[in-house]
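Each of the next two complexes has chain A plus one other chain: chain B in the first, chain C in the second.
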Partner chain A sequence: MTAQLLDVADLSVAFGPDGARLAAVKGVSFSVAPGEVLAIVGESGSGKSATAMALARLNEGPGADLSGRIGLQGREVLKLSPADLQELRGRGIAMIFQDAMSALNPCETIGDQIAEALIVHGKATRRAARTRAVELLAEVGLPEPDRRAALYPHEISGGQRQRAMIAVALACDPALLIADEPTTALDVTVQAQILALLTGLVATRNMGLILITHDLGVVAGVADRVAVMYAGRLVEAAPVEALFAAPHHPYTRDLIAAASAAPDANGQLASIPGAPPNLGSGDTGCAYAPRCRKASPRCTAERPDLAPLGTSRVACWHPENRP
Partner chain B sequence: MTGEILRRLAFLPVTLFAVATLVFLTLRALPGSTVDMLASQFSTAGLRDQLIAQLGLDRSLWEQYLIYMSELIRLDLGRSFITGKDVSVMVWETLPVTIELAVASLIVMLIAGLGMALAAAARPGSILDGALRFIAMTLFALPWFWFGILLILVFSLWLDWLPAFGRLPSSVTYEPITNFVLIDAILQGRPDLIRPWLTHLILPSLTVGLTTAGVLMRLARSGIIETSKLDFVRTARMKGVPGRRIYLRHILRNAALGILTVIGLQFGAMLGGSVIAEVVFGYPGIGRMMVDAVLTRDYAVAQGAALVLAVFYVLVNLATDLAYRWADPRLRRKPGR
Partner chain C sequence: MSTEPILSLRGLTVRYPVRQGLTRREITALHPTDLDIHRGETLAIVGESGSGKTTLGRAMLRLVEPSGGQILHNGTDLTALGTRQMRALRPRFQMVFQDPYSSLNPSHRIGTMLMDVLAHTGVPKPDREARATALLADVGLDKDAMHRFPSAFSGGQRQRIAIARVLASDPNLIVADEPISALDVSIQAQVVNLLMDLKRKRGLTLVFISHDLGMVSAIADRTAVMYFGEIVEIGEAAALATSPAHPYSAMLLASQPKPDVAASRATIRAAASIPAADLPSQLDPPTGCPFRSRCPRALDRCAQEAAGLTPTTQGGLTSCFNPFTEDETPKGALRA
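== the complex of A and B ==
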């Protein structure tokens, strides 16, 4: 645990007007090592994107509080001054987003957008930054990178845009890359290419990667470790093989079952009955208890903490697949 | 791009035909006639009839319309009923005056409107933002003529800083070449013209510029705030771009596209709106010429002025569209792609 790149402890994110803050993320702890791919999995509203944004303090501001501890390369991210934070962004930590079309500036060429990161961090002159931008576009597998660098985001295809977005994020050699649903907006074949690109980059650059997704298929393909989030909390964290072979938390099990089940006779896809709780609802007991088949009175009265179980950590009073 | 310009210009005659017809009919729907103005000096009915025949007003509406249109097709705007002067000459004398006023007003509007918008949008919800929004709303709600009169009262009558009437003092001799004072001052080597010209221009251009700045401020402010919420701004923050650079290079650059359209529309409105300022300030532009012509039922002059303003309006809109296309890479078509 000493050689960790990222160490997050008890991270909470709350949104809303003063006095009526709603917690989107409640005391999440995890870590990422260099060269490791951590997948954070959860449904919409589970707090996975809020967690990802919080790592670079991108969702901080009036009406949004971050608390807890984020250690990145030994630096306390939440205690950095605005100037140090600016320095950290792009170099220590970089991010790619779901929709590259809206995440790229429509009025600037792709080359300029990559070069800008290098220029503002004082890593290159204008001219050198341009050359480097073309190299980066080549690294992310864009054909004819020198020609494409002069194009605008709307002039290339969706998959190429996401590659360009990755090149923007890679410009300053970040130690940690966060990919927030990077393939959701793409075709299946392009998805596979982008994921292969990302895992390749992790290996060659020895960079940490946090992959935010709701797609268990993606997780199984690329992740080393998986963290499952439910209603703002981490419910299970495990190496990827262990998670799929023997899920401990009933939610993880139900999620995997729902994802891998074939449609029934009526063509209906399998789903977990019930719905996740609202952000504002009470916080006693396990948030999954109302939907859980194994729920006991203890589950609604007392909240389970994340505790080691085999190679995993799980927050459940009645874990499945005990070793 | 060239194709687009040609396509738009091809529509110009259609627009002008509609404007000409509308103005022709509206003027004739007004009660009274030039003859009443001119004949008040005469007394016999015979002279009156002679005058009517001379101006062609004894013909049927259809005949008058056909004569007017056939002259128009030959680019002949006719002659003033009252002075007998060529309308095209009168336009040549008054249009530059209005253009001067419109450009000066545009500059005032840009400085005041964009200045307020930039300051307000930098910190939405702050006290400064609230104050600027209030000022903008007030400017926006003020009637132009009232604001003009207020400026005359304060700066001309009470403080006696600036002249309230006309374009140049009568003490200055001015032999126009282009009718643009600034250009003529350079051509003729007359720097002494510039100061009196500017002092006369200040109050009317403040009137038009500040009242339109209110609209520009509100639209530009909301445009900037909307743009700052877009995803690429978050990307720029993720890259570690400093706040000031994000504001200038990412937010303003993109918000400018919408603001450009507003400026173009406002500039077009200024040409028409300067009619009021020209009347209030006795500014001898084409707008005042048109108002005078309508009041005296000088059909040819009123028709000519309306047509010229319409042409100008269409050209300004065309220029705005072209500027927009040039500024937005998504609308720019690259050859060879």
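== the complex of A and C ==
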């Protein structure tokens, strides 16, 4: 195994008033190597975004606890001083979000926003920052970057705004880029182009990428490895080919079936019965058991831990496709 | 399927006024559209944002006022009806919206919501509660739901409630505008299956608006693909997904990443070679075919004139001078 860029061990995130914290993320562990794309897949409430935010300590504060270990380039993120943390954000970790319209400042031109990132982090003088901003806009494939640098976010299309936000994130050459549902708000034709851009950037910059998504089609196209989350826990982690060829966790298998949208003989689409559990519901047994076709009494009584199986890790008493 | 369409759109047009500084202008959100909606069918309307699919769905029910054209129903032109006459017909035509968080009144109990509709459609008071309970059962919800507020329900459950409310007026036609886009993947298929099941049991006609051409081809009878305010291809759903004629339909199918590693990687590799291009501006519409700026098959002729809908070798209609024929199935189309 190559030297890891990011090493997360037993990360937990809990929200709520003192004494009544609800666990959104419950002890997840994973790693990312330089030049590698890790996709974190899950539904709303699965804890995938809380995990991503925790990596840059963006969701820390009164009413929110982060615990566990986050190692980035050999540094312990959860122990950094505020000044060191500021240094880490931007250079170490940068993040892009689903909605570029609200992530970008509507009162500032695209070029100024990129330049600002460079100046704040002391990477360039004011004059050099302008030139670098235009270079970055060219790198993310914005046509006529010179002219577009002087435009405001509302003056360009949704796909172009997403490119501009990626340029802001790249400004300080981050070692790790976290993309939280970066293409969910985009049309499919634009989505494919943004995904092509992101995979290209990972290769040319040898950057790590964590892609948070609910879309297994996107995962199949972009990820090297996949972590599937359900109700705050990792339920399966696997190389992408293995995950799609032979999913081990019944939830993974059901998600893949639902995503392929192929109707059965009765014209019914494959669906998963029931709904994900609420935050703070009981924690004995496997959270997926109430919806799982393979659930046994053991599943509701005893929680399975993530255990190696072939090239994967899976938390299930009755995994499918045993090697 | 009986012969007379439930709705016949004839030259239906929607223009919206826009103000640019001191000048007032108009944009055409829906170009004159002819479309028959057959009784009992599931018609999918597919397109990207700005394609006019929502405008078409709303205009056919007069939820946005058409700027021109006719909506024929049993020989009556709905656009000529007065408010009162239209209101009398409204229960027959209903709509399910995308976002079940904003389409349900947060301060009304579910029972109140359903019984209001039942009262409106003339159900006698003593029968309303039983009918409302039965409607909830139809959409798979317990009668406890009657006394709760929308905040007590998840997205999928709220969409079920929205569907129950629509069914309360006993409609013939339901227009569902992206009814599953706001829902989690594991819940989407449940809601689609419910809609299709109710449609079969009640003999409804369903217009299903979506951005996902692959998904709708699994459930629809016919699909209409829209681009820049007009239908660019319409045909039998399975045929259109396996052998699209219009290059835009083909691009939509090819751009959708599928849950298959080799196929999805090929999709993204192909996208890397296409130059970034956007929809043309509604304020400055291009001459000829609006898709030509993104079209890999554009001819010189496409810049001068619009093609208009003509029959395809696949049995549908498309507005293209250089469509794919049945024998040259483009890359990325779904396997038959």
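By definition in this document, the second predicted complex is superposed on the first by the 312 of 323 C-alpha atoms of A that agree within 3 Å, B and C clash if a C-alpha of one lies under 4 Å from a C-alpha of the other, contacts with A are read in each partner's own complex, and residues count from 1 in each chain.
We take it that contacts are C-beta pairs under 8 Å (C-beta built on N, C-alpha and C of every residue); 3 or more make two chains touch, one makes a residue touch a chain.
Note that the structure is a prediction, hence the values are computed from the model and not measured.
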Combined model on chain A where chain B meets chain C, clash or fit: fit
Partner touching more residues of chain A, whether chain B or chain C: C
Which of chain B and chain C A:Ser44 touches, first, second, both or neither: second
Chain B versus chain C as contact partner of A:Ala275, first or second or both or neither: second
First, second, both or neither for A:Leu216, with chain B first and chain C second: second
Chain B versus chain C as contact partner of A:Ala307, first or second or both or neither: neither
Touched partner set for A:Ala9, first chain B, second chain C, both or neither: neither
Touched partner set for A:Asp187, first chain B, second chain C, both or neither: second
CA minimum distance (chain B, chain C), superposed complexes, angstrom: 6
In the complex with chain A, residue positions of chain C that touch it: 48-49, 154-157, 184-190, 192-193, 196, 211-212, 214-215, 218-219, 251-252, 255-261, 263-265, 267-272, 274-276, 278-279, 294
Parts of chain A lying in touch with chain C, wherever the complex brings them together: 43-44, 141-143, 157-160, 163, 187-189, 191-193, 195-197, 199-200, 214-222, 240-241, 244-245, 254-256, 258-263, 267-273, 275-276, 291
Of chain A, residues touching chain B in the complex: 56, 58, 86-91, 94-95, 97, 99, 102-108, 113, 116-117, 120-121, 152, 154-155, 165, 168-169, 171-172
Residue numbers on chain B that touch chain A, as the complex places them: 230-232, 234-242, 245, 249-250, 253-254, 257, 328-330, 337
